Structures are given as C-alpha cells and as structure tokens.
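Here come two complexes built around subunit A, the first alongside subunit B, the second alongside subunit C.
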Partner chain A sequence: MTDVLVCVKRVPDASGEVVLTPDGSRVDGRYAGYTMSAHEECAVEIGVKVAEATGGAVTVLTLGDEDSVEQLRAALSVGAAEAVRVDADADAYGPADVAREIAAVVTTRAGAGKDYDLVLLGNDAADTGDFQVGIRLAYALDRPVVTGVQRLEVSEGTATMQVDNPEGTEIYEVALPAVATVLEGGVSPRYPSITGKIKAKKAPLETVEPSAAPAGSGRQALRVPPPPPTQVEILGEGPAAAPRLVEVLTQLGAGR
Partner chain B sequence: MSAVVVLIEIEHDGDASRVSLVSREALTFARGLGDPVYALVLGPTSPGVVEDCREQGVAAIFECPDEELSAYSGAAWAVALGAVVDAAGDVAAVVAGGTAHGNEVLAHLAARRDLPMAANVVGLVGSEPFEVERQVVGGSAIERTLLAGGTPVVSVAGHAVDPEPAPTPGGAAVLPFSAPIEEKDLRARVVRSQTRDGGDTSGLTSARIIVGAGRGAGGPDGFESVDALAARLGGAVGVSRVVTSLGWRPHHEQVGQTGSRVSPDVYIACGISGSIQHWAGMSSSKTIIAVNTDAEAPMVTKANYAVVGDMHEVLPAVLEQLGPR
Partner chain C sequence: MASVPEKARCVIIGAGIVGNSLAYHLAELGWTDIVQLDKGPLPNPGGSTGHASNFIFPVDHSREMTDITLESMRQYKELGVFTESGGFEVARTEERMEELRRRMSSAKAWGIEAELVDPDFVVEKVPFLDKDVIVGAFWTPSVGVVDSLRAGTIMRERAQEKGALTVVSNVEVTDLEVVDGRIAAVVTDAGRIEAETVVVCCGVWSPKIARMAGARIPLTPAVHQMISAGPYEVLADRPGEISFPIVRDMDTLCYERQHGSDMEVGSYAHRPILHDPEEIPSNEQAKLSPTEMPFTEEDFELQLEQALELMPELLGDERGTVRYAINGLLSQTADGFPILGETPEVKGLWSAAAIWIKEGPGTAKLVAEWMTHGNPSIDISHSDICRFYPHQRTRDHVRARTSEAFNKTYGIVHPGEQSESVRGVRLAPMHASQRDLGAVFYEAAGWERPHWYASNENLLEKFSDDQLMRREHEWDARWWSPIINAEHLQMREAGAVIDLSAFAIFDIVGPKALEAVQQICVAQMDVKVGRVVYTPVLDSRGGFRSDLTVMRLAHDQFRVVTGGAHGMVDKKWFADHLPQGAALVDVTSAYTTIGLWGPKARTVLESLTRADVSPQGFPFGTCREIEVGDLGVLASRISYVGEYGWELYVPMEAGAALWERLLKAGKEHGVIPAGIGVYATTGRIEKAYRAFGAELDAERTLSETGMRRKKYKDADFIGKDAILAQEGEEPKAVLCSLTVDDHTSASGVKRYMLGGEPLFTRDGTQLTDGHGHHPYVTSAGSAPSLGKHMLMAFLPPEQARVGTELAVSFMEELYPVTVVSADATAPFDPDNDRIKGK
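For the complex of A and B:
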C-alpha cells in the first residue's frame, strides 16, 4: 500500500496573453482564469494510478489562499481522497519556503501515523518556474529525489521511474520513501466523472497554518517582453510558393 | 575578483565531443560574473571539450573520474560540484545551462548548502546585491529577482546569451580530483538508459534550424515530410503541445511553455496556429517562416515569411525544389 502526497499549485492560466497587475508584481489571472500547472495534473494522475495499483490513497496538498481550494477540488474529482491546504499567500513564499511547508505537513502527518511513501510535485511551477522545490523538499525529508519523471510504477517498496529527454530515456529504481517531480508527456490526466465531482464536494479538506514566516522569493518585479515587430512577407500560396521559399532558405544559409 | 564555477555539459559531434551550445552560452554569461572561471564537466573530458573551454576563457577544468559518477545521479554530481566550489575559494556564483540536468544538479547543490537559486536567467542586473532577470511563466514573462543569503546559484536560459569567445583564451588545465560521494548520494541513480536512435545528442535546444509541426500534421502519420525537411536542412523537429498531447509525437520534441524553449536561426512552423503556449517557446527564433492554410493564424501574422497553403502539399514541393543534399 503506497499512500501518495501530490503537491499542486494554483497558477494563472498562461495559455492566453499574459497580463500583469498594474504594479507589475504578479501575473493577473482575473481575465484568463486560474488552473493547476500541467505537470501537476500529470502528477495527480500518476499518484492516483499508484494508489489504485497498491491499495493506497492520494492526499493532495497546496499552499495558497482560499481560492486555491478550486485546484484541490479538481484533484479530488479525479481520484484524490483528501486535501490539505496550507493557508498562505503563495506569492510571498519562495521555493525554499514552500519546500519547508510541504516537509512540515509530511512530518506532522507522519507523527499522527500517516506516512507518505511517495511525494509527487510538478517538475517546475507553470508561473514561477523555480525548478527546485521538489529537490529542496527531498533534502528536508532526507529522501532520494528524481526530477522530470514521466512514468512511475511502484512494486514491493521500489519506485521505477522513467525520465525521457531529448538525449534518450533514463530509468531510475528508487527505494521508497522518495520524492519525484513529474513532467507532462508520460500520462494523460483523466477527466473527472460525475461521481468524482460529487465525491470532490464531500471530500475532507483540512486547512493548516504555515509552520514558519516566509523568507520570500526575492522577486522584485515582472515584465512582459514586447512582441518583436515583424511584418510578414507572404511568399505565395500552396506548392507554387516552393521556389520562393527555397530562395529565402538559401539566403538564410539554410537551404544548402 | 571572485571565481565563478560552471557546470558544463557536452554534446557529440560525430565521434568528437564538444561543449554544448547551451553550456558555451553559460560560460560566456559566467565570465561577466567573476574571474577566474572554473569548469566541471558533466561527463568525460575530450580534446574538443578542452579546446572549447580554452576559447571560453576557462582557467581550469575539474575532472572527476570517480566510478560513482559513471551513471548519472543529480545528488552525486552536486557533491562533485560542491567540491569544486570549495577548491575555488571565494566564489561569486555557481552557473550551469538551464537544461534538465543543469537545473537538477544546481538545485541539489542549492538545497544541500541552503543557497539561493534562480533558474533560467537571461541577464545580470547587478552583482552587489546579486540581481538577475529570469524567464518565468514558461518564457512569457521576465522576473527581476534578488538572490540573497549565500553564494548565488543560477542556470542560464538557453539562447539568452550569444556564446562569444573570451578576449583572452583560458589556460584550461585539466585537474583530476575525487569527490566525497557517499552511499546516500546514490539513492536516486540511473540504472538503465537508452540513447535515442541516430545518436544526435545536440537535440532541439542546440539546433540552428527547426522544422516545427502542429495540428496541421493531421495525425501520427503526417510527419513524413516534416522529418524529411528537417533531415535535409540538417535541423531538428519540434512540435506543438497538441501534437504531444494527442500522442502523435514524443514529449521531448515539444516546443513551448511546458516543453523546450528554442531559439534557432530559422524556425519553419508548419500547421501551427501559434498559441501563446507554443509562441513562448520559439518566439526568439531569428527568422520565423510559417506554412499554414489560414492566412489569419497568429503564427502567420507574427512570422517573418509565410506560405499560405497545406503543409502536406507545400513541404513535398519544397523538398523537391531543394533536391538531394
């Protein structure tokens, strides 16, 4: 039985145009809406699969304000059994702060008899892209960590993890308890069922206070780079444009 | 002036190995942070690697032949990197390219030593205090951030810096050393790996020409001319998120907020509408050529050149026009 803790973050949906708040301190998601990082959706899916295969359960955790309950419910609707929210302003927490808060939840729960043999996070948050929370967490818990995991299976206390990158495929076999950060691409997150949505509304949701004051992320300001001024030159229509396209490629040094 | 320690990755060019493009960019960035520059090579050192390091002004290359590093482990490499940092004395910053392994090893070092880290840095704002600009929101926004409370650890975003040779070549002396790697550091270690067919390890992020394909490919069988054009031009294939989500192509080929960020000389976007998700990953390409049936698609209007037409008709005609290599 493997109980899994999956850590998710409420982030502004960046699939549309990125808009900043007037003071330039954060991304304004008021118009685009909010979502869970794509990597974390895959982490939830992997966590649920591992729990199903081993007879364990998934707890989903976030650090955020009351609005982030929306992302916890989303995870609950696709198979997580319970949720925990560390009540805090996520923007005030740097990666080291977030790692410490996750570790505090894991330790507290272990003290209460609930051990998470596997803790899953996204490879990097869709908004802050820090690439370090999972690794800092692993050191805080003194556990091994694998990053960029796309497939993961647990058998007899060992997690086999697959990492695909442009160079090839790497396989890790890690004894639990362990931490893994998930990259999208290996699994397809399931859609919530009707019963899943009903369960999500009733699922237990615990709110806890942060364990310490945050040191902060060091963020001073944000800016959105202006789009490069381009004026498209239409080379033609259909296959008839091929000679002109090859001419351009040759000029660019690419057609030889 | 304080030293800078750089973790460098290698890429294979035929039988020879060289310092990867992203690592040469990181070395160029590192020269602006301190002097001398010390390098730790993630993998075996070769004459080509030494030559590239010399050109980049590297004073010394630390080489760790320990058996423990023969199979990759982020923690073990962080121990080796830490040993180089200790040997370097007063260190202004620890730097690597913003790759999967680069970010991972740096994060291990930062976690082990409680150091501040910034990923995907694009520029230095000031060194006292240490302030940088970095990519956030998958490349859609830039954050100015302050790194305080210890030696700054930074990964450099791919193609944020042009790799320039140093004004004076470095000594690039190769110094073997042994790292104090413990059993515990090998708990998460690659047990099996498979290099992709073709042995092209330079991959998407180093490619100077990328042929991109999106939903317009139509299905998993719709990439024949895309692959052929990339091969003919000596480039790589990149795809949009919808293509990997539908399982038409593997995720490692994805360009965009949740994939790779690329900056080739030429990006040929075939059947890609140009969503923000994809645009954030390739907008810094030097020249963008769009092939799309929709003349109003964002990719077409933002491109430098465009052909309005079906990629399945246009690309074969282009291949024919190009002829064999």
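For the complex of A and C:
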C-alpha cells in the first residue's frame, strides 16, 4: 500500500497570450482562468494509478489562498482522496519556503501515523518556472529524488521511474520513500466524471497554517518579452509534404 | 494584413449569426456594395454564436419573440441546418405544471403544436430520465437544433455569390466617424471605409462599438454556464448529432441537450455574472475564445447534482467525463428583448444586437426590411432601440435589471410582475402625497405610478361583490387588488383624480409644423387653435405606429401627448418625418398631467376656477389655458376612461399643488385619487378603447381595429394610399370585445383571464383568421360597471358579430364567452352620454 502526496500549484492558464496584473507583479489569469500545470496533472494521474495499484490513497497538497481550493477539488475529482492546503500567499513564498512547508506537512503527518512513501511534484511551476521545489524537498526530507519522470510504477517498496528524452530512456529504480518531479507526456491525465466532481466537493480538506514566515523568492517584477517574430515555412505541397510534416510534429513533441 | 475597401454603401460589423444573416437579407432585398467586418477569424470569429447550444424551443409567452423564432426556424430549415429533435420542458412541481398549462395557452394562441404529457411519455422518448423526479412535461415536437456557424457561412456565401458582399475578417474597428449627427466612416486597423449606413451586429461587444459613435446599445455580456460530459454509450449508439429530445429542467433552471455522444448541461440558475464589454479578452488572450470565459466551478455545484438527479443512470456513468466547461458570454438586456433599429443618436448607425440563435435569421430579415423600406413584416416595437429613456441606457440600469432577470430565464413570471431593482428613478411631483395615500406603485418607463391606493380600501365595503369581482385564485389575484375595481366604481359614481405624469409630451413647432403633423397623422390636423385631436399614426402599409392625441396650441405649435412606454419611439418617428421648417421639442420633463374625470369633475373644477367648464363653455375635443386659483393650467377635454372631464397640464413644479387642490376640492363630492389600474385597464376596457402594444401594432390596420373613418382628409399622410387600397377589402380579422359568461373552473374556483389566452368555439374547435392566425386575448380586465370580466381579441370576420358564443382557454380549461362588441362601440355607455356631460 503506497500513500502518495501530490503537490500542485494554482497558476494562470498559459494557453493564451500572457497577461500581467496591472502592477506587473504576477501573471494574470482573469481571461484564461486558473489551472494546475500540465506536469502536475500528470503527477496526479500517476499518483492515482499508483494508489489504485497498491491499495493506497492520494492526498493532494497546495500552498495558496482560498482560491487554490479550486485546484485541490480538481485533483479530488479525478481520484485523490483528501486534500490539504497550507494557507498562505503563494506569491510571497519562494521555492525554498514552499519546500520547507511541504516537508513540514509530510513530517507532521508522519508523526500522526500517516506516511507518504511517495511525494510527487510537477517538474516546474507553470508561472514562475523555478525547477527547485522537488529537489529542495527531497533534501529536506533526506530522500532520493528523480526529476523529469514521465512514467512511474511501484512494486514491493520500490518505484520504477522512467525518464524519456531525445537521447534515450533512463530507468531508475528507487527504494521508497522517495520524491519525484513529473514531466508531462508519459501519461494522459483523466477528466473528471460528474460523480467525481460531486464527490470532490464532499471530500475532506484540511487547512493548515504555514510553519514559518516566508523568505520569498527575491522576484521584483515580471516583464513580458516582445513576441518572437513569426516565421512562416512552407513545408511542401500535397502528399509530398507529409514526411517533412511528420518530422516537424515529432520535433515539437506532438507524437509523444 | 487584410485590406478593406475605401467605400461601401453599408458596413456590417460582426460575422456572427446576426451579421451573416443580415448580409444575406440585405443582398436579397437588392443591396449591393456591402462590406462585412469581423475582428476574429472565420467561420467562428469568437463571439457568442461560436459556443451557442444552438437549440430552439419555439413557444414563448411573447408573440413577437415567437413569430421571430418561427421565421428563424423556417430559414434554418431552408438552409438545411435544422435537425428536429423534439423537446420537453419538465416540471418537478405542481406550481410548474400550472405554468406549463399557461404555456399551452401560448402554444395554442401562436399556433404551435404542443402537448402536456405524463412522466411515462417523457421516459419513452428519454429513457435515461428518472421519471420519479418529475410530475409532467410540456412536449413540443418541433423543437430542434441548428448549426448556426454553418448557417452563417451559407448566408455569407449567398450574398457573395450575388456580388453584393465583401467580407474582411481579422480586422478590428477602431473608430466610427460621425459628421453632423450622421455616420460617415468606419475606421479599422486595416484602413478607413466611407459608408452612409453602418450596422452594429457585434453581440456582447456592441456597446463598446456603438460608443465610438456616441451611441448607446444598452446590453451587457452575461455568463451562461455550460458543461459537456461524455461519451455515454446510450448516446453514442445512435447516429448523428441529436437523436433524443432536449430536456429543459425548468424548476432547476437547467437544460440537458445531447450533442453526439456527449450531454450538454447548461444553466440559468447560477448567480448573475456580468462582464463589461471593454473587459472581454482578445482572441489572443483567451484560452478558448473571447466569449468562452474560464468556468467557475462553485457556481455550478448545485446544478451538477440536480442534473444527476434527473438523469442518474446516464450522467452517473463514470466513464463519461467533463471535457468542456465554460462561462459562456451572451447578450442580456434589461427587459429581455433585442435592440434593433437605427440609433436615436446617430443617423445611419443601426443596431442589431442582443439576439440569440433562435431569433437570429428572423430578426436579421426584419432589420433588413426596416433598413430597406421602413416596414418590418413582423411588429418589433418591443425590440426598438428607441424604446429606452436616458436612465435606461445607463450601465447601472442594465446591470441591475439584468441581474434581476437572469434567474427568471426559465422562471415563472407573472404577466403583471414588477421589477424590484432600479426603482424610484422618475417620481411624479405629487409622489409624496401618493405615498401618504398608500399608493401601490408600479413602474412604467421608470416612472413610479400608483396602481391603486390603500386609502381607498374603505370603498370595498361600499360596493357589492358582484361589482368588485374579487379573485379567489392566487395567480389571478397576484399583482392585482379589488381596490382597483372599487376606485373604478367610485369614479363612475363621483369622480377620480389620476396622475398621468408618465405621458411623453413633445411639441412640433415652426412654420412647417402643420405640414409636419398633417403628414404624420391620419386625422385632420388643420384645425382651429384650441382643438384636441385623437389620431392614429400609421406606417406606409397602413399598420399602426402609434395612436396619440395632438393639441393645436398655436398656428405653428402642436403638442403631441403619448404613452410613456412608447413615447421615445414615437418621438423618433416624428423627428424622422419632419420637413425642413419644423422642429421637435421634448417637453416630457417640463409638464405633469393630472386627469380629472367623473360626474362630479365639472363641479370640482368649477369650485377652483372662474373659467366656464360647462359642456357648452368647454366643448369636448378642445383645450385652453385656464386659471385654477393661482395656477396656470392647460386643460384638455378628452377622456380615456369614458367620463366628463379633463387632462390638466401644469409645469412639473406646480403638479403637487394642483394635485392637492383637486383632491381637497373633490373630497366633499366623493372624488378620490385613482390609480393606473383604472386608467389603463378597467376604465378603457369597458369603453373598448384600444391600447397601443396590445390591440394596436404595425401588423394591424384601421379596418381590423374598427377605427376606419367614413372619410379621410384631402391632405396626404403616411399610410393613406395603403388604407385607401384597403377600403374595398374585407378585414382579415376584426377586433371585438367579449365578456366571460361563467368563471367557474372544474375545481369550483372562479378563474379570471389575464391576457394572452387563446379563443375557440364553444366546443373547443380552433379558430383561424384571414392572416392564418388564431385569436387570442389582447387585453383582459374587469369591467366593474357591467359586473363582467371583459376580453378583447381579433376574431375571424365570421365570428365577429355581437352575440357570437365562443370559449376562452385558461390553464387548459374552457370558459364560455360572448361577443358584446364587434367594432369600436363601447360595451359601457355606448352613446358616450357621460363624456358629453348629459
């Protein structure tokens, strides 16, 4: 039985043009909405699959304000069993702060008899892109960590983690407890069913206070760079263009 | 970057269902050199059309909306984009079943096949619905879905094939140029287009675009939440987009509509979520499209559970998932009607906005007709952009009223229902006194008008139950009081003082003033100074644009007095038809009007004035300035309630003083303040006086309404050719007054019709007039002097005879009625002795 903690972050949906808040301090989701990153959606999917396979359960965690409950509910609606929210202003918390807070939850719960053998995070946050929390967390918990994981299975206390990249495939066998940061592409996150959504509303959600004041990320302001000049490349005409098209799509990762 | 032509005869801004349909209809009517622009890409530029649920239920309580919807369905079918699915409006409560019975009335009145059915009937067609949740349903077999994007493309292409239309997409309008009150050009990021006609078909963006020209289109973008869940096997097993009827779950304000293997659940139940037109994202900023805003889960929680409750097996299948959920933006207006016509602010700038899929092509046809020859083939006076008073064009008004109305989209709305928001905007000068008298205020065009006065409650003891006709059923008595009938009887016995501040008043002045009013009005306007003339105002087909009174105050000054509701539309009609040398001056806010009528009216006024107010000294149909104490009053001897008396006009600031004096002087003679319940319903209905918007509209003629004249003036006027041509023809329908012979329902409770109900023969056989329409009640109300409940309706000519026995259907029961007048003859006091002061 493997209990999994999946950490998610409420971020502005980045599908459209990036819009900043009027003061330039944050990315604004008022037009595109908020979501968790695609990496984290995959982490939730992997977590749910591991829990299903081993008879464990998924807890989903976020650090954020009241609004971030929306992302917790989203995870609950696709199979997470319970949720915990560290009540804090996510923008004030840098990667070191967030890692510390997750570690505090893991430790506290372990003290209460609930062990998370596997902690999953997204590879990087969609808004700030720090690439730090997973590694810092592993360090704080004194656990092994693998980054960029796309597939993960657990068997008899060992997690087999697969990392695909253009050069080849890396396979890690890691004894639990462990930490992994998930890169999108290896699994297809499921969509919620209607009953899943209804269940999510009734699932337990604990709110905890942060363990310490934030040191912050040192970020002062954001700036949207000018859009890169658009390039138009004619790939060919008719069926003859197909091989080149396949090549481009593969390059873009569309085939994964 | 696309380029735009430098010049066009007409620029249509917007390529949603409205702009596309309009381009087609204008081309059909012979327009050429049309340029259509959209900021987004084609065929789905990103407006509300792109995410519409695209289903059409034809039955609405409004005849105007129903007729436009039917015309739209006809067009969608002709385009080959309509799929008939049938549709249920299901009831979970008995209260809703009663509303569905009322819906049957509208279906029968408008001639649409429909049926009330039991849960078994529903489940036979929708097997995955839990029949234990519902008590019954309203079944409309002709309900269907359309492909509105495809329809738009076909219409655009047809106009292009005619060589009439140039379409330019991905072009943003940045300004509208206006010169001397007339549209001159459309400025875009791809160049400037000179044009004398511009139509704003921009849906939720319309207010923003119109403001570039200084015009207002008072609508607001509002969220309609919708999710799509699936795939579900039972849906996927059948071919095509839709094979199960659409279900409107009326009591939860939701619908379930199959879309291929998915089920769409949409809601009008969530809190009103309004946006600003300026705050809609661009195509680039939006995740899906500008009008598919991020879904707010918490607003849909209850709806999910209710949908699951209705269709537990289907929606409970965990293999089906929610893959699409939006806060879809659509256009909402304060009164629920579209915004159509030339803007009152800018000549040549038209609005075709706040139109939903079900109305799109039909509305576009009417607007095209309007733009071409001025006469839409369906009366659309409820949708006229000119209907708004200044306060109704403010954003706060629109937001407040829309917020209130949003959850009534599937609601049970009583025909007399009053809004709670934005009240107290326009107050009569005697408002404080009215409040002290316990007035129950109804709103008309923003005015707070007493409908009846609690101070008259004591009169209920004076009159008999036969006269008061108290209503036993809560629905019939809602927004009504027997005090109205008591006030009416007291007016007939002694007299009443009635606040008419809501009148719209404007003067036509200048050397060509006579020429102007002669041209616009049917009645002879070349009358002596001091005459008051009641006159129809017609369009060039002879259909009613209005009916109103005109006072000749000087050789070059005519004062037009018309109803508040329609006043701004009348004002534009007059202004648009003025010759050089005549001008219109709006004096609505300068004068208040107080009605004084009844057998004691003369005595009361005599006690306050030295003027001769006898029938000889102040003949009917005349007006003049009199002194009422130290107040200068313009008195006009006419009546809409069938009594001797006057409309008294005084400057707004003197209104309260005149009001107090009349009440004080009237008191000892039994003269009371009476409300609009008397003025607008009981007083007029027993006199068979017609009301614009109920009996009179652009689809009705003088001969149908019994208002034909023996002789028409020699001078030319709008509609004259048409009515002279109609002279030889038999009318296709005839306006009649009827009384209800027996009110007793099957349950023994007496029921009172409120208007809109269909009429049949006594045995329930359908009637059809020469237009192919079925008769329905245009106005209903008590006729207390006759002790009868009275109805007005246009009947087929063969039934339009005094004594014809028919039946009216109310809540699915028939009640016997009899024709008491088949022309304009008043059922009460037919010789008008009272008005004459005999």
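The definition used in the following text is that the second predicted complex is superposed on the first by the 227 of 256 C-alpha atoms of A that agree within 3 Å, B and C clash if a C-alpha of one lies under 4 Å from a C-alpha of the other, contacts with A are read in each partner's own complex, and residues count from 1 in each chain.
One rule holds for everything that comes next: a residue touches a chain if its C-beta (ideal position, glycine included) is under 8 Å from a C-beta of that chain, and two chains touch if they have at least 3 such contacts.
Values in this document were obtained by computation on a predicted structure and should not be read as measured data.
Trainee: Touching A:P192 in the superposition: subunit B (first), subunit C (second), both, neither?
Mentor: Touch status of A:P192: second partner only.
Trainee: Does subunit B (first) or subunit C (second) touch A:Y34, or do both, or does neither?
Mentor: In the superposition, A:Y34 touches subunit C alone.
Trainee: Report for A:K201: first if it touches subunit B alone, second if subunit C alone, otherwise both or neither.
Mentor: In the superposition, A:K201 contacts subunit C only.
Trainee: See if subunit A has more residues touched by subunit B or by subunit C, and give me that chain.
Mentor: Subunit A has more residues touched by B than by the other partner.
Trainee: Under the stated touch criterion, which partner chain does A:R73 make contact with: subunit B (first), subunit C (second), both, or neither?
Mentor: It touches subunit C, and subunit B stays clear.
Trainee: Using the touch definition from the top, say if A:T21 reaches subunit B (first), subunit C (second), both or neither.
Mentor: Neither: A:T21 stays clear of subunit B and subunit C.
Trainee: Which partner does A:V145 contact after superposing on A: first (subunit B), second (subunit C), both, neither?
Mentor: In the superposition, A:V145 contacts subunit B only.
Trainee: Is A:P166 touching the first partner subunit B, the second partner subunit C, both, or neither of them?
Mentor: first
Trainee: Would you sort A:A126 into first (subunit B), second (subunit C), both or neither based on which partner it touches?
Mentor: In the superposition, A:A126 touches subunit B alone.
Trainee: Which subunit A residues come up in both lists, the one for subunit B and the one for subunit C?
Mentor: The overlap between the subunit B and subunit C interfaces on subunit A comprises residues 15-17.
Trainee: Give every residue of subunit A touching subunit C within the complex, in rising order.
Mentor: Where subunit A meets subunit C, its residues are 13, 15-17, 19, 29, 31-34, 70, 73, 190-198, 201.
Trainee: Would you mind writing out the residues of subunit C in touch with subunit A in their complex?
Mentor: 229, 281-282, 284-287, 293-295, 297-298, 301, 304-305, 307-308, 315-323
Trainee: Over in the complex, which subunit B residues touch subunit A? Could you list them?
Mentor: 72, 74-75, 100, 103-104, 106-108, 110-112, 114, 116-120, 131, 134-138, 140-149, 155, 187-196, 201, 203-205, 209, 233, 235, 244-245, 247, 250-254, 257-258, 260, 265-266, 275-277, 280, 283, 287-290, 295, 300-310, 313-314, 316-318, 320-322
Trainee: Sort out for me which residues of subunit A touch subunit B in the complex.
Mentor: For this pair, the touching residues of subunit A are 12, 14-18, 20, 27, 38-39, 95-96, 99, 124, 126-132, 135-136, 138-139, 143-148, 150, 163-175, 178, 183-186, 188, 215, 217-225, 227-228, 230, 232-243, 245-246, 248-249, 252-255.
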